[in-house]
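Take a look at these structures.
Across the two complexes that follow, chain A remains constant while its partner is chain B and subsequently chain C.
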Partner chain A sequence: MKRVFNTLSIVGLAVLGVALVLFLQNWMGGGIELPSQFYTFTTIFLGIFIEAAPFLLLGTLASGLVEVFFKKESIQRIMPRNRFLGALAGGLLGFVFPVCECGVVPLTRRLFRKGMGPAMGVAFLMASPVLNPIVILSTYAAYGWGPVLWLRVALSLAIAVATGLIFAVEEQPARLLRPSSLSLAPIRGASVDVALPIYPGSLGSRLRRALSIAGEEFFEMGRYLIIGSMLAAALQAVVPQGTLLALGSGPLLSVLVMMLLAVLLSICSTVDAFVSLAFVGTFTTGSVLSFLVLGPMVDIKNILLYLQVFRRRTVLYMVILPVLMVILATVFINLNLGI
Partner chain B sequence: MSSWRALDRTVAGVALVLLAALALVLWRGDRVSVTIVRTAPAAGSQAAATAPIVIEFGQRMNAASVEQNFSIEPAVEGKFVWSDNTVYFLPSQPLEVGAQYTVTLARGTQGQIAHELLEDRVFSFEVRAPGVAFLRLEPSGYSLWAMPALDAEPVQLSPGDGVFDFTVASDGESLIFSVVNEEAGIDLWTVSREGGDARLLLDCGVDRCFGPSQRAGRIAYTRVLAPMTPAEPYGPPRVWLYDPKSGSTVRLHADSQKIGFGPSWSPDGQRLAYFDGGNGRLVVLDMRTGDEVHIPTMAGVVGSWAPSGEYMLFFDTLLIDGRPVNQVYRANFATQDVLPFFDPQPLDADYSGPVVSPNGEWVALKVRDLENLASEQLWILPADGAYAMVAVEESGSLYSKYLWRSDSQALLYHRLTLGSAESAPSVWLWERSRNASRLLAEEANQPLWLP
Partner chain C sequence: MSERTHKILQAAILFGLSAFLFYKILSGTLYFYINARFTWLVVLGGAVFLALAFFAWPRKSASDAHDHDHDDHGHAHSRSAWPLAILCIPLALGFLVPSRPLDSSALDTRGLTTNALMSIGGQTAVQLDQPSDQRNVLDWVRAFNFAADPVIYEGEPADVIGFVYQDPRLPEGQFLVGRFAVSCCAADAFAIGMIVQSDEAHHWAANQWVHVNGKVQVSHLDGVAVPLIVAESIKEVSIPPQPYLFP
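Let's look at the complex of A and B:
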């Protein structure tokens, strides 16, 4: 309840702040000259939040269902023991759980608690925002069955699996996660150490329970989505896209600019392919790919959500590794492939 | 903490390897060259003296880099015009017939966003002598014919008759002609200079499409929309554009109130002139800026562009003592003024149809004695109109469609002799060196050079 209250407080304060400014402006007969950045900020913030919130809700729903309907032992039994196979399976798990980068975080947290290994978990977290039917179809709609689609899928899978394998070095996965992620209560009041059976009761009561878990988790993660969206909007309001785009020439610089743009824009992976079309012809194919591959893995709101699940150092590595791999792959594409 | 150190070490090691690999990739540099899809004239080919030199790239290019790295031997002055990924080098003077030219695009030419040309691209071509294309009247209408060289036998290019008018592409490789279709509309067709491969370019259905003009890959034409019912008259003419690459066609002006006909591209293909019959004026539209220049005239035809595009010669009809008299004017686009070509205006004769030579030094125009309008003379004058000489004069003959050869040393013209059994139209060539004319084709109309 406290989480819900906190979330509502943040949203309420934000709405009250905006309303107050607009009221004052209206009361003064439009006499208050609001900076244009304010309008840019509110537009971008609402755009990011409204776009991402439904997907976060879907992710938390999936998380609730997993919690209520899947036993830890069952999940552990079907997970590959081999690290590479685990990472590969994690990379492809998006086809089973088609969630974007907002929804994947609560679901991954839940799966970690159910015994998913770090290689598989990190690979799932990184790959599923791209390797799922919805995003593949939206990329197809934007680019057709061309090199951009295939390279996006291949690079996302390769980078996610590689990152997952690196994290597999950690023999005690609990050290990657925040303690609160491990103690996430499946049922309010129950201890995590208790080997709970699958939630008992009728189908209706189990569904209600799943929804309750999803609701709590949604509000818990939602506040970080709001903060992340505000941060992304604020940065975009201060650093206009045009400034970045003006820098975007050359095989390396264009990649760096597009990656920075992907991080700042924080666009949901289900629609980013259409947004990136605007850059085709102005930016190199490699840089457009860097936008499409890195954005779903690392952006401002994602980082804030990651921080609710992983320790800071883990998040740092989860940012550094994909960034370096994406730079290498897309600069190589720029300089060696004539696409 | 040992496992943390293992992960730290692994991440640090992987990061170092990735950075080293990135350094290697950057050190190796760009291994992908800018691609050149097409060059024209084709290497080793015979090309028109008026042909633009075309390089089509596979990507957007850095225009300044392309223009800096472009060279042609023997050196030729000219202007670069861009259309998407294609650059057109338009020589300011026609190329010399018989000469061989070599075009080089040097390595290092940069794309707009990435890559550069890794090796010089060199191609050569030879400039051919021009031929002539014309219409020949058949029992059921006109057909399109061409003489690939001045002494060659005429070859029919259109698959049948019903040809309304035509134009020749500036590279001389193809012709666009309008043909009456079965619905009484007029379609646009195209055919190569050799013939035998005519194909429908634009199906206009019941509309009438004619008067094509082509320059730097762009085609403009006049289109008259068919009425809703047969009882109604045809609508006013409007200028339309046709994109040969996409096959799409659009009205020049979105505003349907803007009417006009007879489009004519400027030599650099950046401006389009047409006659606005509704307002009695020539309109010169800058395609880059959308700016328009309006030149009042009642003549109903577009004038002749100077090769530089700086001015246009045209004629207007004045009423003198209740009698229409044509006079020639010069519209200067730089100074935005219109002045009589002759100063003072010689109102004792009718002057019309001025045509500027390709080198910009000469003007040909038609002169009629006001007392004997059935007899005409073709005059040749320097561009400043300082003096004049009669080039062609035959009693009872009318002249039209006269056009300078690319070397500005000869004039192609259409002659119609009246008042005799030999009144059939014919095409002639006046040569400055001999100051004499010779017959090129009998039963021929509307001649155009086939460069």
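Let's look at the complex of A and C:
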């Protein structure tokens, strides 16, 4: 892992160098013109970053506030004992914390640290980017009260709960998570929490503490957001979507193509409904649904963010299980429901 | 890297990110990246970055006392420089690379769609109820998508702005005047266009922004009815402040 990061920082330095050269030549009025793909890449990358960074910030702020205001015991008391109820509650928790797919990752990790079980945590992580008021509203705006809206909600909840339940086999969250995700002293100074379950002090000092946690967490998560958006932008700048879309119109192939597109595009779940409308005429309803259900659970930037919280093996399952379930459900819809 | 240096660098980067967002807003290039509807979110992000920068700055105060008993915990992995280097990438690209909106070269991978459905519901009918010479490229494409028979639009005056795209599918004497429609950010941009018919079609270089005036006719591209403008005038214009259309 460390070697990967060293390579990545070299990539980072290279990008920095290119940017500097560009700036200088532009400033001196020189005439080197980089390939247009570079500008397309930069615009798409900055677009994703500018759009996603505030959402990630909100997630880290929520995480900081949970850290300083919630007692570990109080969360464990509210949490259902029964695994199925736990997973179901996790799947519906998005209505309490309306965070989207970037913000949900730091918040979930914080809730794990506060003692949330694996089933509930994973279900929350997977479901809340769809099962929250904002996303349901935007899907409604795009599709109205139709099968697409309720199937999206129902499938997302079912798949998230099922994935959560599969992880419930593991009693010890520690075996799913990266060691650093569970330590109670994730950040310098937080070791005090071992003795005091909740951060002591005045409201002001608690808020200050929450902000400093949010800042640290932004650095932890932000780098994955950046690498993920760079990958997505690079793929968008070079992979022709037309050839991809031309691949499939059959009940199975169309689903696979749309899932691949969802993973590549890495669009925020708050607007993906509008984006998917462009495919409605030419693609099967099942495949449009697969785009809407899988995208918020699994895409390039999400996978990288997950890697910061979970062990690599866990992330592998967190990708494969939803992919398989989405294929099963949406191909079934394509073949059996004439919608 | 010492703890203090690390914290100072973190604060500096957070400040830089705040400055980057406000720079994009103030220089008017924010709309090269996102839908204007989300401007408030970027303002909020910039403000939060600023606040975080302020609280990330190392301070010698009583409230930080427990920072010290932590130094021997050894979080060496999180104190290395590479995460900071990666956080500098958006800063470098944002401040140093000249801002450019997506242009026709992005069409090589994105293609141009003739289907611009924005809602399955019926609310679009209201949006289409506007004088024909005030419709932009997106309005026209939508109007054609929703019309039972787009022939009703034939002869109406059109007055649109867009970039030139020399589509290889078109015969001589025609080019496309295109726009990108962005719902959220540039990652979800899709291109739409109208055909322009003019004797000087081949004079126009790809990516040149033009203002086209003329009369609408129905043409077909890949079997779909698309609007065609028989040009009466084509004028060169500079990139509009909002290069994308917001569905």
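Criterion: the second predicted complex is superposed on the first by the 300 of 339 C-alpha atoms of A that agree within 3 Å, B and C clash if a C-alpha of one lies under 4 Å from a C-alpha of the other, contacts with A are read in each partner's own complex, and residues count from 1 in each chain.
One rule holds in what follows: contacts are C-beta pairs under 8 Å (C-beta built on N, C-alpha and C of every residue); 3 or more make two chains touch, one makes a residue touch a chain.
Since the model is a prediction, treat every value here as computed from it, not as a measurement.
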Would you check which partner chain A:N82 touches, where first means chain B only, second means chain C only, and both and neither mean what they say? neither
Note to self: Output check: A:T270 vs chain B and chain C. Expected answer is one of first, second, both, neither. What do you get?
What the structure shows: second
Partner touching more residues of chain A, chain B vs chain C, is chain C
Quick check on the superposed pair: does A:F167 touch chain B, chain C, both, or neither? Answer first, second, both or neither. first
(request) For A:L211, select first, second, both or neither according to whether it touches chain B, chain C, the two together, or no partner. (result) second
Query = Is A:S74 contacted by the first partner chain B, the second partner chain C, both or neither?
reply = neither
Both chain B and chain C touch chain A at residues 281-282
Listed in rising order, chain C residues that touch chain A in their complex are 3, 10, 13-14, 17, 21, 24, 30, 32-34, 38, 41-42, 44-45, 48-49, 51-53, 55-56, 63-64, 66-67, 69-71, 73, 75, 77-78, 81-90, 92-103, 105-106, 108-111, 113, 115-121, 183-190, 247
Chain A residues touching chain C in their complex are 2, 5-6, 8-9, 12-13, 15-16, 19-20, 22-23, 26, 36-37, 39-40, 42-51, 53-55, 57-58, 61, 141-144, 146, 148, 185, 188-189, 191-192, 201, 205, 208, 211-212, 214-216, 218-220, 222-223, 226-227, 229-230, 232-233, 236-242, 245, 265-268, 270-272, 274-275, 277-278, 280-282
Within their complex, chain A touches chain B through residues 166-167, 169-172, 175, 248-252, 254, 281-284, 286, 313, 317, 320-321, 324-325, 327-328, 331-332, 334-338
Chain B contacts chain A in the complex at 3-4, 6-8, 10-11, 14-15, 18-19, 21-22, 25-26, 28-33, 35, 58, 60, 112-115
